[in-house]
Amino acid sequence: MKILACKMTLLVSVSLLAGAIDAQPNRAGQPQNFDNVELHLIPVQGNVYLLMGAGGNMTVQVGSDGVLLVDTMFAPLAPRIAAEIKKLSPLPIRYIIDTHVHGDHVGGNEALARMGAPGASQTDTGGATIIAHENVVNRMTKPAAAGQTPPPTPGLPNDEYFTRTKDLYFNGEPIFVIHEPNAHTDGDSIVLFRRSDTISTGDIFTPERYPFLDLERGGSVQGELDALNHIIHLTVPAHLQEGGTRVIPGHGRLCDEAEVVEYRNMITIVRDRIQAMIKTGMTLEQVKAAKPTLDYDTQYGSGDAFVEAVFKSLGNPPARSRN
Amino acid sequence: MRIARLSAAALLSAAGILAQPPGAPGGPPRAPQTARAAAPVDFTGYWVSPVMEDWRWRMVTPLKGDFASIPINRAAYDFGMAWDPAKDEAAGLQCKSYGAPAIMRVPGRVHMIWQDDNTLTIEADAGTQTRLLHFNSKAPSGEAPSWQGYSEANWERPVRGEGDPRNDFPPIFSTRTGARGKSLEVVTTHLRAGYLRKNGVPYSENTMMEEFYDYRTAPDGTPWFTVTTVVHDPKYLVVPFITSTDFKKRPDAAGWHPTPCSAR
Amino acid sequence: MRVILLLTAMLAWPAFGQVDFTGEWAPAYHEDGPERLPGPELGDYMGIPINDAARARADAYDADRISVVTEYECRPHSADYGMRGLGDLRVTREINPATQELIAFHTYMPAWGSVRTIWMDGRQHPPPYIEHTWQGFSTGVWDGNTLVITTTHLKANYFRRNGIDSSDQRTVTEYWTRHRDYFTVVTHVVDPVMLTEPLVRSQNWTLDPGQKTQRMFCEYQPEVPGAPGAVPNHLPGTNPFLHEVADWYGLPYEATRGGAQTIYPEYKLTMPKPDKAPPEKCERFCVCTVLQDCNLHAVPPR
């Protein structure tokens, strides 16, 4: 009976989680065939590596304490991801940090967490500790019934935070998990590896495409700009705007401060234009027809969705999420 | 002894000296090659110069007194400030800015063809000018100055090595080969005084001009050449005036548009 | 037998064509001097085959950006623009001591202390997801007496320092030739984001063994109080400076807007007249060949 209850709980929870993940927009475009996905493991600096494949970039930090991951791509890739990690370290995954709620960043949570072992905080389900802002947990689950606590499940963050920052010390370096309110979503975290001098940004920074402002999940253009400006504040180039702090974006190649500056500039300029157009009373259709992203479309693709999100965000800014 | 003989044979065989090429020590004399036969690249055809540099000094007549970029001296400055295109027209000197030191910078097309085996012709549609590049030839005595002067041309030889028969026997510890070039070197003298720029920046009748034509193939396969022009004129320039002009190959004469010289 | 093999191996070294570019090279600003020395006029897009996106971006450019955006204060020239800009140049080479083969050329330019490496050992370029740098990743091969250099992995930079940006997706091919003491570099840039066709420019240096290249120091500091994260820009249609270059130099406004259609000789046949009557004579940067004499107002040479 006990076993059946556990299985039922598991089935319901997995369904909830799967449903929650599937319901989330996947701008990375989930591949039809994961067998064709190439994984690239790139040393960044210090203890930190970048793992690129399908979906969002992953960050891998290794050392004598174990393995820490930032984001987890898609579940079908978990075995191959684990194999890549094994090239770096035989030690278990102890921490997973989710930068935000989207499926291409948290899809592998359950599978990879199961392979791991608890970090500093003991979890009810065993496996790795999964850290995320509480808004990620809120978005991923709904209570089974009013007033009831959602059951703990592998794959769901089990070490959420609600303050501005959370820090931990792992593999010989301080790690800061910093909430960036109402940026890409209302549950964004960036992760600063202080000794390795690397920042994982999640989808706040995606240098090869316009930012996706997920307004339904609390994203906003002002929050996005605040987050980018904060990242620029944290990064320190080694010499003449190059090197120094490395930045791992949510999608795209390894960067440093200079690329974040270009991205921030683009969003600021487009925001300024749309803001000016709103002040003159232009409708969304009129704003789109004015092509406020004309000078950036050849670089980032069609700007229609971005323009619409900025327009709506400026007209209806979200209530700031709790720090 | 046998080892010594084998060593000698190995040396000779590795050096490729067993078959004596023409011009090598002990070999038959080389037949003189014509310039056309010796050409390492083919410059013939139609070429256009896209104006991506010095646009406002080439595509339009610059303002009087706009001498930017040219290393002129005071004499040239005063001369340029006295520029009067009407006077040039009245005197029939419309072609002053189409002389050899300037013509390759005038926006237009050029057509390069072999007039004979040792004379390469450059026809320019701008100003309907024709330059003759003479290989293996010096200026005849008494050559009169002209807008295009007298041009002596050579396929640029490397400083040492390849192409020079005296170096076909490589020494033991290094190979003396220079770079096999794709460059044409031209020296022009006997120039009539003219303008480096249409707004009257002068060059004198004592000008000597060096040019280096470098052939290349762009990443998309299109042939280009760059002509680096060095104008030596101590009368009007404080240092040699160096420019480089890029030409892109055209498949045919489309766009060829001969226009007369203009003083304005 | 060992002696025979050794001697044969020594004599079998392949011949290869190489030109020595090493030395101290002084730039000749005899083309586009005012643009490369004091800097280009706002709105001067002449000669660059920009597309509509690049033009719109340049129109939005506010020159205050390089001081208000603190991170731009020390932004260096990239490999391709570096060849165009302040260009004292030192070229050295790295030889493999075991094989005496050329491994790389290295360049140093005092503008921002830029150091480049051009790999000559046949190595491949890294994959596209590797980080980009200001100087990019360069490899060279010989084509006769010309060194053909391919550079990828460049950061976004500029084609002209008045807002005409270059993207991080560009590829630069350079052609280096040396004729006696003259060094010519042709840069052939393909940029699918900003250009409709390749931008081809050529630069010249003369050998100057006595040249002493300088060090450059740069530390960025906020110098102008203002809102954090501000990025000075002109809203569409509001840039008041775009007609200046046409008016100052007596040019048709359309021509100053750049684009491939304006760079071919046939454009002269259809070029409109200037909107305003040209000045009687040059009034800006009329004498400009070296930095010391490149003044805003005409200064006759001594």
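In this document, chain identifiers A, B and C correspond to the written order of the chains, with residue numbering beginning at 1 in each.
As a working rule, a contact is a pair of C-beta atoms (placed from the backbone, for glycine too) under 8 Å apart; a residue touches a chain by one contact, two chains touch by 3 or more.
As the structure is a prediction and not an experimental result, all values here were calculated from the model.
Participant: Hey, which chain ends up farthest from subunit C, C-alpha centres compared?
Facilitator: So the chain farthest away from subunit C turns out to be A.
Participant: Indicate, using Cα centroids, the chain positioned nearest the centre of all protein chains shown.
Facilitator: Taking the mean of all protein C-alpha atoms as reference, the closest chain is C.
Participant: Between subunit A and subunit B, what is the separation of their C-alpha centroids in Å?
Facilitator: Each chain's C-alpha centroid was found; their separation is 60 Å.
Participant: For subunit B and subunit C, let me know how many angstrom lie between their CA-based centres, rounded off.
Facilitator: Spacing between the chain centres: roughly 25 Å.
Participant: Per the centroid of Cα atoms for each chain, what is the distance between subunit A and subunit C, given in Å?
Facilitator: Distance between chain centres: 38 Å.
Participant: For the complex, which residues does subunit C have touching subunit A?
Facilitator: 51-57, 60, 65, 69, 71-72, 74-76, 112-113, 127-134, 155-156, 167-169, 192-194, 218, 228-231, 233, 235-236
Participant: Write out the stretch or stretches of subunit A touching subunit C in their complex.
Facilitator: Touching subunit C: residues 40, 42, 52, 225-226, 228-229, 232, 237, 240-242, 246, 252-259, 261-262, 264-265, 268-269, 272-273, 276, 290, 292, 294-299 of subunit A.
Participant: Which stretch or stretches of subunit C touch subunit B in the complex?
Facilitator: 1, 3-4, 7-8, 10-19, 28-34, 46-49, 142-146, 148, 150, 171, 173, 175, 177, 179, 182, 184, 186, 188, 190, 198-204, 206, 249-251, 255, 262-269, 271, 278-283, 285-289, 294, 298, 300-302
Participant: Quick check on the complex: what are the subunit B residues that touch subunit C?
Facilitator: Contact set of subunit B toward subunit C: 3, 6-7, 10-11, 13-15, 40, 48-56, 59-60, 62-74, 76-78, 81, 107-109, 125-126, 156, 158, 161-162, 170, 172-173, 175, 177-183, 185, 212, 214, 216-220, 224, 226, 228, 230, 238, 241-246, 248, 255, 257.
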